[in-house]
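Each in structure tokens, the structures are laid out below.
In what follows, chain A forms one complex with chain B and a second complex with chain C.
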Partner chain A sequence: MAYLQQYGVYIAIVLLLMYNAAFTSNFISVDNFRTQFIQMVPVLIVALGMALVIGTQGIDLSGGAVMALAAAVIPLYIGYGLIPAAAMAIFAGCLIGVANGAMIAFIGVQPIVATLALMVAGRGIALVVANEQLKSVTNPTILSLGRNSIVGVPYSVLVAVILVAVVALLVNRTTFGKQLVAVGGSRRAAELAGLPVKRILMTTYILAAALAAVAGIVATARLGASVPSTLGNLIELSAITAVVIGGTPLTGGKVKVVGTVAGALLLQLIAATLIKNNVPDAYSQITQAVIILIAVYIQRGKLAVR
Partner chain B sequence: MITPTGTPRDATVLEARGVTKRFAGITALDNVDFTLHPGESLALMGENGAGKSTLIKVLTGVYQPDAGELHLGGTTTTFARPLDAQRSGISTIYQEVNLIPLLSVAQNIFLGREPRDRWGLIDFKQLNENARTLLDTYDIHVNVRRPLHRLALGMQQMVALARAVSIDARVVIMDEPTSSLEAREVETLFRVIGLLRAQGIAIVYVSHRMDEIYRVCDSVTVLRDGKSVHSGLLADLPRVELVSIMLGRSVEKTKRESLTAFGSARTSSQAPTLIATDLTRKHQISGISLEIRPGEVVGLGGLLGSGRSETLKALAGVMKVDNGHVRVGGRLVKNGSVSAAIRAGIVMLPEDRKAEGIIPNLSIRDNIVLAALPRLSVGGFTSRARQDAIVDVFMKRLRIKATSSSQLVSELSGGNQQKVMIARWLAMNPRVLLLDEPTRGIDVGAKAEVQALINELADEGLAIVMVSSEVEEVVEGSARVIVLRDGSVETELIGDEVTEHHLLSALVGEPITVTKELP
Partner chain C sequence: MSVIVPEAGLPTTKRFDRETLALGAQKYGATVVLALLVVIGTIAFPTFASVSNVSNIATQSSFLVIVAAGMTFVILTGGIDLSVGSVFALGGVLAAYGSTFGSVEALLLPLVACGVIGMIQGFLVAYVGMAPFIVTLAGLLGVRGIVFASTNAGSNTPIVSDLSFKAIGQETLFGVRWPVIIAIVVIIVGTVLLTRSRGGQSILAVGGSESAAALMGVAVARIKFSVYVVSGLCAGLAGALNAAYSSSGVPTVGAGLELSAIAAVVIGGTLLTGGRGNLISTVVGVLLLSVIQNLINQVGSLSSSVQSVVSGLFLAIVVIVQTILSRTQRL
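So, the complex of A and B:
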């Protein structure tokens, strides 16, 4: 059981690859993997932020709304170039993070309630900012972020790889990372040890929002259009699933970055397998639900053993 | 041979034969035999990490043994989960209170056995009434509707006890039940134990306090490094001998290393490190002023609810005060800020290790360096080398028993967790050390070490304030005792006045005419 908790997600990935190698035509190919990686980038980036938040024993349902807001902001500033537009999009996303963090850390609202409020309000704001319009994006730099590669690695995947590395470093090697899991393990004990608990929570929610904003930028670049009404809809749920099957417990106190990547990859592979074998979308959603249940069940086993 | 209650010696109520339990990298129990007779009151003794709690968890279905078997009333049995053991009449109070914090006292007592009304819903009126009747029988006074987490730790322990005895039990197991109890509550506990024994209920009692063991128990089983090394009657076993069996040292050696290690307590004439003036918080403490000098160990005496822990919390910035202030080295410390207090050099070892101290999911190393982390980091990045330099020193100095510093702190025995907490604060190089029950749950050997350490730290110039519900410890350790009652300073005992007799009479607020018999 302990073995399954730690390596289950990797075993599942290997099994799925073996299945596809045997039964799905054209699955094991460089092109297909490139496509799969590109498609999983937004979920992965949101999941990285989610892993941090869950590590503090929290949850963030506003990731999709932040993506939408970022998407809505880009057309407003893209005239100045990609960098300024991206900066503004991330800044706007961070404001939602600040709202989340302030409610949770300072007022003491439960994370699920606070971020649910921002999930609804955030998308509303995005629609207001975008004037409820879908806008196509034509700036060549941003389009190239979505479409081009460097030595065979798509830019968007490169962004994701860098962010994974940064978050892994943050979690494993920095004071902040250690403090974050300490807060998730026991908030009271962390407070009594003199940790700046409120600041840590605030920072975590801002980081999660900033990451979601980056996901929104990458997704917009790939679509070639700003679609605030639907972009990132329910992506939080996929992100949470990826985090949990990656071995980060919902009870907090632990963050598994590599596991989160594996979790996102597994979700992507399952979706691709079902699509390539012509299974209808509805079934693929049901499959996802079943996976969440299994993952959470295995995690719960871990708690019971402790 | 006949047990004190007159049942034949060979009738057993609970037995373990050849029980082995391994955890990753450690054999916590190694082929342990354990026998409990009806009506027997058995002390389970051993150093921190000897395997006492693990044995209890095996006996009550929390852990499954890797080898060996259990017998209940003579027949082989297995407990797949704690509930099975409970249904078979084994009732347990675990070392760390494990009730449900948000439920009320009454709900906790009758959890899973609530009275129902005719709709099948919980009959709260009946529930509360039953709880009150039960608690009244044992003279425990508490509002049964209050959520458990609002009670002091000692009171929570009493609720756990009430729950344990309210289950029709043949065996009641108590893992360090008195470590968070007040002298008065300990008396209540002993009275309850007396009642249980009169009903022929067998008792397993774990404690590091020798006085209690000799008072409550008639036989003893000693574990050392996971093996049972001695079983027998307590009456045949002088204290030193028991300790020497526990520690695995010769009697002579044990005698030489006296059991409490506080040296001569001194006062100091230097300028005070810490000055608190008129600390007041509504309903908690009022007008508390005190001065602590470098090198001084000051005891804070008082009964439960006298404001001892609250005073420490006010000093440590954990509790905001309405009025009054704290100065360290002449500088004002910001009210109600833990981090400001820590920066000023005031650190506090909290009373409730489980809820306020350890971070269970982190390693020993991460727990020790937690507060000192910013100091041990370079530009926000952690430095393993710097951490290890500190961690290794304290693991050795405090003799923390673990497979390595990377082991999860939740896997340590209770006493070793306490040492990790002490290490966390010593790593901060504090100027003022506030200790709330510093030796709680620590075995005799380690206790002497911690007490010696407190002395050593005082010699190095620390100002130390200590709260302990063990009168003996307060008296031996402190040069000065400030006695609190109802949230304010009642009196102060200095020099010759620091005796158990004086302290006890100051605690209750009246002179004690008959000296208590203390073994």
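So, the complex of A and C:
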């Protein structure tokens, strides 16, 4: 059981790959893997931020709304180039992070309600910013971010790899990472130990929003259009799923970055396996639900053992 | 359920005044805001207080009231139910299927199925000990998957064929639509259960402190199990009524309904931490959301995106005020 708890996600991934190698035609190919990686990038990036938030014993439902806001902001500034537009999109996303963080850290509102409020308001703001319109993005630089590759690796995947590395370093190698996990383990103990708990929480929610904004930029680049009405809708649920099946407990105090990547990959593989075998999308949702329950059931055992 | 009794003979202190104020604001704040909005709406828009508009608001609110009533029970135990939007859709689709057999089947089929879903979720939360958030998140995904799987990926919209079942959604009694009457009955029955029955008191006790309730001899697991069944039944009932009202079981209906229900419960003043709150506050919370939406529609020039901005900000303001007030009470 302990073995399953530790390596369950990886075992599931290997089993799925073996199944597909044997039964699904054209699954094990460079092209297919490239497509799968590109498709999982937005969920993965949102999940990275979600892992940090869940590590503090919080939750962030506003990730999809932040993606939409980032998408809505891009067309306004894309005339100045990709970098200024991306910077403004991330800045706008961070403002939602600031609002989340302020309510949660300084006022003490429960994360689920605070981020629910910004999930609703955030998408509304995104639609107001975009004047409720879908705009196609024609700037060649941003389109190449979504479509081109460097030595066979798509730029969007490269962005995700870099962010994974940065977040992994942040969690495992920096003081802030240790402090974040300490706050999640026990907020009271962290306070008594003299940690700047409020500032840590604030930073975490801003980081999560910044990551979601990057996900929004990458997704917009891939679509070649800014679609604030639907972009990232309910992506937070997939992100939470990826984080949880990756082994980060919802009770906080632990952040598993590599596990989160594996969780996102597993979700992507399940969806791809079912689609490639002509199983309707509805069943992939049901499968996802069952997998969440199994993953959490196994984790529950871990809590009991400890 | 805390009652503040000033010590006899002592002049009331300033702290006591602040506490009463805080308690009062928490209890009646939403009602006061609702009353203000109604007054403003009546003065500003001649059509606002018209019979047809009021009846519209009532009918629109009735489905959410039923869903949010179930949600209140869950939240009172300190849990959460994210699956209600999907269960609502399942209730509607099953009601439409059931109506091909008759009106009794149209009502029973969704109630039984949604009750069973509530039982599964309740079992996982109460007896297996899994986090409500995750169990019902899986419910949200899984039940929507079932709805889509049973309607050819949402492309089939089963039509309500039974006339007497349709009447439950569309006919009126003394000028009041049946869903509104049923919602009122649900609230009355729920309130009586919550305040006058042993089970209701146990729900509050479990939400207040699970370990204390267990020590008092409350069957904590059974209580937690039952609130998810209640929530499943309420969501299924609301979905079935909505199907009768709209003459069809639309597979995509109810997306995001869980968020509106949670928002209504919280705005009404029920604490998400459980143990304190009631169903009447939830009704006030639902009405507040509906009236805001209706007022924005009355203005006409404002788009639906502005509506979600207002609803979101309103929710934020309410929870901020509530959190600050409950902090005052702890002093």
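By our rule, the second predicted complex is superposed on the first by the 306 of 306 C-alpha atoms of A that agree within 3 Å, B and C clash if a C-alpha of one lies under 4 Å from a C-alpha of the other, contacts with A are read in each partner's own complex, and residues count from 1 in each chain.
Here, a residue touches a chain if its C-beta (ideal position, glycine included) is under 8 Å from a C-beta of that chain, and two chains touch if they have at least 3 such contacts.
The model shown is predicted, which means the values in this text are computed figures rather than measured ones.
**Q** Taking chain A as the common reference, can chain B and chain C both be placed on it without clashing, or not? Answer clash or fit.
**A** They clash: once the shared chain is superposed, the two partners overlap in space.
**Q** Contacts for A:Ile275 in the overlay, against chain B (first) and chain C (second): which applies, first, second, both or neither?
**A** neither
**Q** Per the contact definition in the header, classify A:Gln179: touching chain B only (first), chain C only (second), both, or neither.
**A** first
**Q** After superposing on the shared chain, does chain C or chain B touch more chain A residues?
**A** Counting residues of chain A touched by each partner, the higher count goes to C.
**Q** Going by the contact rule set out at the top, does A:Val258 touch chain B (first), chain C (second), both, or neither?
**A** In the superposition, A:Val258 contacts neither chain B nor chain C.
**Q** Figure out whether A:Val166 sits in contact with chain B (first) or chain C (second), or with both, or with neither.
**A** A:Val166: touches no partner chain.
**Q** If we overlay the two complexes on their shared chain A, which of chain B and chain C does A:Gln285 touch? Say first, second, both or neither.
**A** It touches chain C, and chain B stays clear.
**Q** Which of the two partners, first being chain B and second being chain C, lies in contact with A:Leu15: first, second, both, or neither?
**A** neither
**Q** Out of 19-27, 109-117 or 217-225, where does chain B collide with chain C after the chain A superposition?
**A** Stretch clashing with the third chain: 109-117.
**Q** Return the residues of chain A at which the contacts from chain B and from chain C coincide.
**A** After superposing on chain A, no chain A residue contacts both chain B and chain C.
**Q** Show which residues of chain A lie in contact with chain B when the two form their complex.
**A** Contact set of chain A toward chain B: 173-179, 181-182, 184-186, 188-196, 253-254, 306.
**Q** State the interface residues of chain B toward chain A in the complex, per the touch definition above.
**A** My answer: residues 318, 338-339, 341-342, 348, 350, 355-362, 366, 370-371, 373-374, 377, 380-382, 410, 424.
**Q** Taking the touch rule as given, give the residues of chain C at its contact with chain A in the complex, in rising order.
**A** Listed in rising order, the residues of chain C that touch chain A are 80, 124, 128-131, 133-135, 137-142, 144-149, 153-154, 259, 262-263, 266, 272-273, 303, 305-313, 315-316, 319-320, 323-324, 327.
**Q** Could you list, by residue number, the parts of chain A that touch chain C in their complex?
**A** 59, 99, 103, 107-110, 112-114, 116-128, 132, 237, 240-241, 244, 250-251, 280-290, 292-293, 296-297, 300
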